[in-house]
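See the structures that follow.
Each of the next two complexes has chain A plus one more chain, namely chain B in the first and chain C in the second.
On to the complex of A and B.
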């Protein structure tokens, strides 16, 4: 219905569970969702007339944060009491 | 001295799922999709200019048959460049520090150049084993030496890339550890070490780009001999 056609960013918080129920969670649907998210980001921040370094920098900062999250378990175990 | 300095090179795993594939696919996001417009966005223009530059540079010494290799060499160059540079960001994982990956890139491509040469022009390819103008008594020794040098090429290609990147990352980590440990004890020495760290990071950016270029350049040179 009209709910599934609205974008995620235009949702109100209370409508979120209903929107999730209309989502397509098959691998193809998830891939389509990722593709849509990426093209929205690309068209908003990078594919603009007078873009600057901001679009790519946000992407790289997100990648750094993601890598930090992946490595967190390992990093938290390093002790800073190194006796040289 | 703890041995945890090498842990940054361990292949990342989340709940048992190897994440190296995602790390290898991320550079693909940074390459803008081709737009058939006349004026694309600034990122596309920049990347297109760069790809044209390296393709021209690589394809100049090759003959017409060698131009079939343009796609694979240019995409290899882009991939290595982006992967090396992305590895310099904090907390990221560089797939090219893994010897397995670099050997998987170097060995098949070198073998392809060798087999192309042996298939299409066998006597010329074998003729490369003996440089011009060698004195006759030296010929057997020189053939052996040149064969060894030929067979060691893939190993050299892979290990060169691995060793350069691994050594750079290790140095950065060591000097950064020294800086942070020295900060409460001797702030002046710590600032000096921080300056060295800055210079080292600039060097590592240069090394990342140069190593990618050298890898692809050497492959194109091996191709030149054989095509």
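On to the complex of A and C.
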């Protein structure tokens, strides 16, 4: 209905569970959601006449954070005997 | 998966021009955080709110060792410094170069369009000229009709002349024939008359005429002698 058509950023906090209920969580729906998110990001920051460094720098920063999160288990085990 | 079954040409065909690309991308502060975040926090925390949030988050991550400071930190700091220096220094030049490329593409497309418009305009002018020429078609045909009439008249008069000369030749021939016949008849008659006269002169008459002639001659000589 009209609830699922609105975007996530226009939601109020109380309406969030309802919105999540109307969401489509099948693989096809998830893929569609990912495509919509990517196309909106692309049209806003990259597909412009005079873009700047912001378009890809945000992607790189996100990649850095994600890879740090994936390798956190390995990084947190600091070896105490490195310097000696 | 999605592309194979996507229906094509479902909506009405719309001939409106494609909307142009936006001039600038979304506003981003410090190259990393979109401006919407700062606007989102502005009503509640004012201008310094997001910076306070950032500082607090950073200190929390550092103190709780969620972000571990090791050799990678130093390496990333150096890399970030180099990247930021490069972008700040060579950014405008790269931007100008990209703008120039875009300008060339647009200019070539515009040139093609202008060329097409010019060609069509010359075609329109030539078409109008042809239409103007069509108006003179009647004069052309009048002149041609005059030419044909002239030819016909000339031919007719030539043939009339031929007829006249032929008829005159035939009449001259008849005339010459008649003249010749009369001449021949005359000559023949004269000859015949002479011949018959000569034949009719008997020797007796010849002697008499000769004597008469001698007498006449004597008389004449006598008169001549008397006169002289």
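Throughout what follows, the second predicted complex is superposed on the first by the 81 of 84 C-alpha atoms of A that agree within 3 Å, B and C clash if a C-alpha of one lies under 4 Å from a C-alpha of the other, contacts with A are read in each partner's own complex, and residues count from 1 in each chain.
Just so it is clear, a residue touches a chain if its C-beta (ideal position, glycine included) is under 8 Å from a C-beta of that chain, and two chains touch if they have at least 3 such contacts.
None of the values given here were measured: they were computed from a predicted structure.
Asks: After superposition on the shared chain, which partner residues are touched by A:76: those of chain B (first), chain C (second), both, or neither?
Replies: It touches chain C, and chain B stays clear.
Asks: Touching A:49 in the superposition: chain B (first), chain C (second), both, neither?
Replies: In the superposition, A:49 contacts both chain B and chain C.
Asks: So, does A:63 touch the first partner chain B, the second partner chain C, both, or neither?
Replies: Only chain B is touched by A:63; chain C is not.
Asks: Once chain A of both complexes is superposed, is A:40 in touch with chain B (first), chain C (second), both, or neither?
Replies: After superposition on chain A, A:40 lies in contact with neither partner.
Asks: Tell me the contact category for A:31 with respect to chain B and chain C: first, second, both or neither.
Replies: The second partner, chain C, only.
Asks: Considering only touches as defined above, state whether A:15 meets chain B (first), chain C (second), both or neither.
Replies: Touch partners of A:15: none, neither chain B nor chain C.
Asks: Looking at chain A, which of its residues have contacts with both chain B and chain C?
Replies: Common to the two interfaces on chain A: residues 46-52, 55, 64, 68, 75, 78.
Asks: Report the residues of chain B in contact with chain A in the complex, numbered from low to high.
Replies: Against chain A, chain B makes touches at 1-2, 4, 7, 10, 12, 14, 19, 26, 29-30, 32-33, 35, 40-44, 86, 89-93, 177, 181.
Asks: Give every residue of chain A touching chain B within the complex, in rising order.
Replies: 38, 42, 46-52, 55-56, 59-60, 63-64, 67-68, 70-71, 74-75, 78, 82, 84
Asks: Please give the residue numbers of chain A that touch chain C in the complex, ascending.
Replies: 28, 31-32, 35, 44-55, 57-58, 61, 64, 68, 72, 75-76, 78
Asks: Enumerate the contact residues on chain C facing chain A in the complex.
Replies: Of all residues in chain C, those touching chain A are 1-2, 20-26, 28, 31-32, 34, 65-68, 70, 72, 76, 87, 91, 95, 99, 102.
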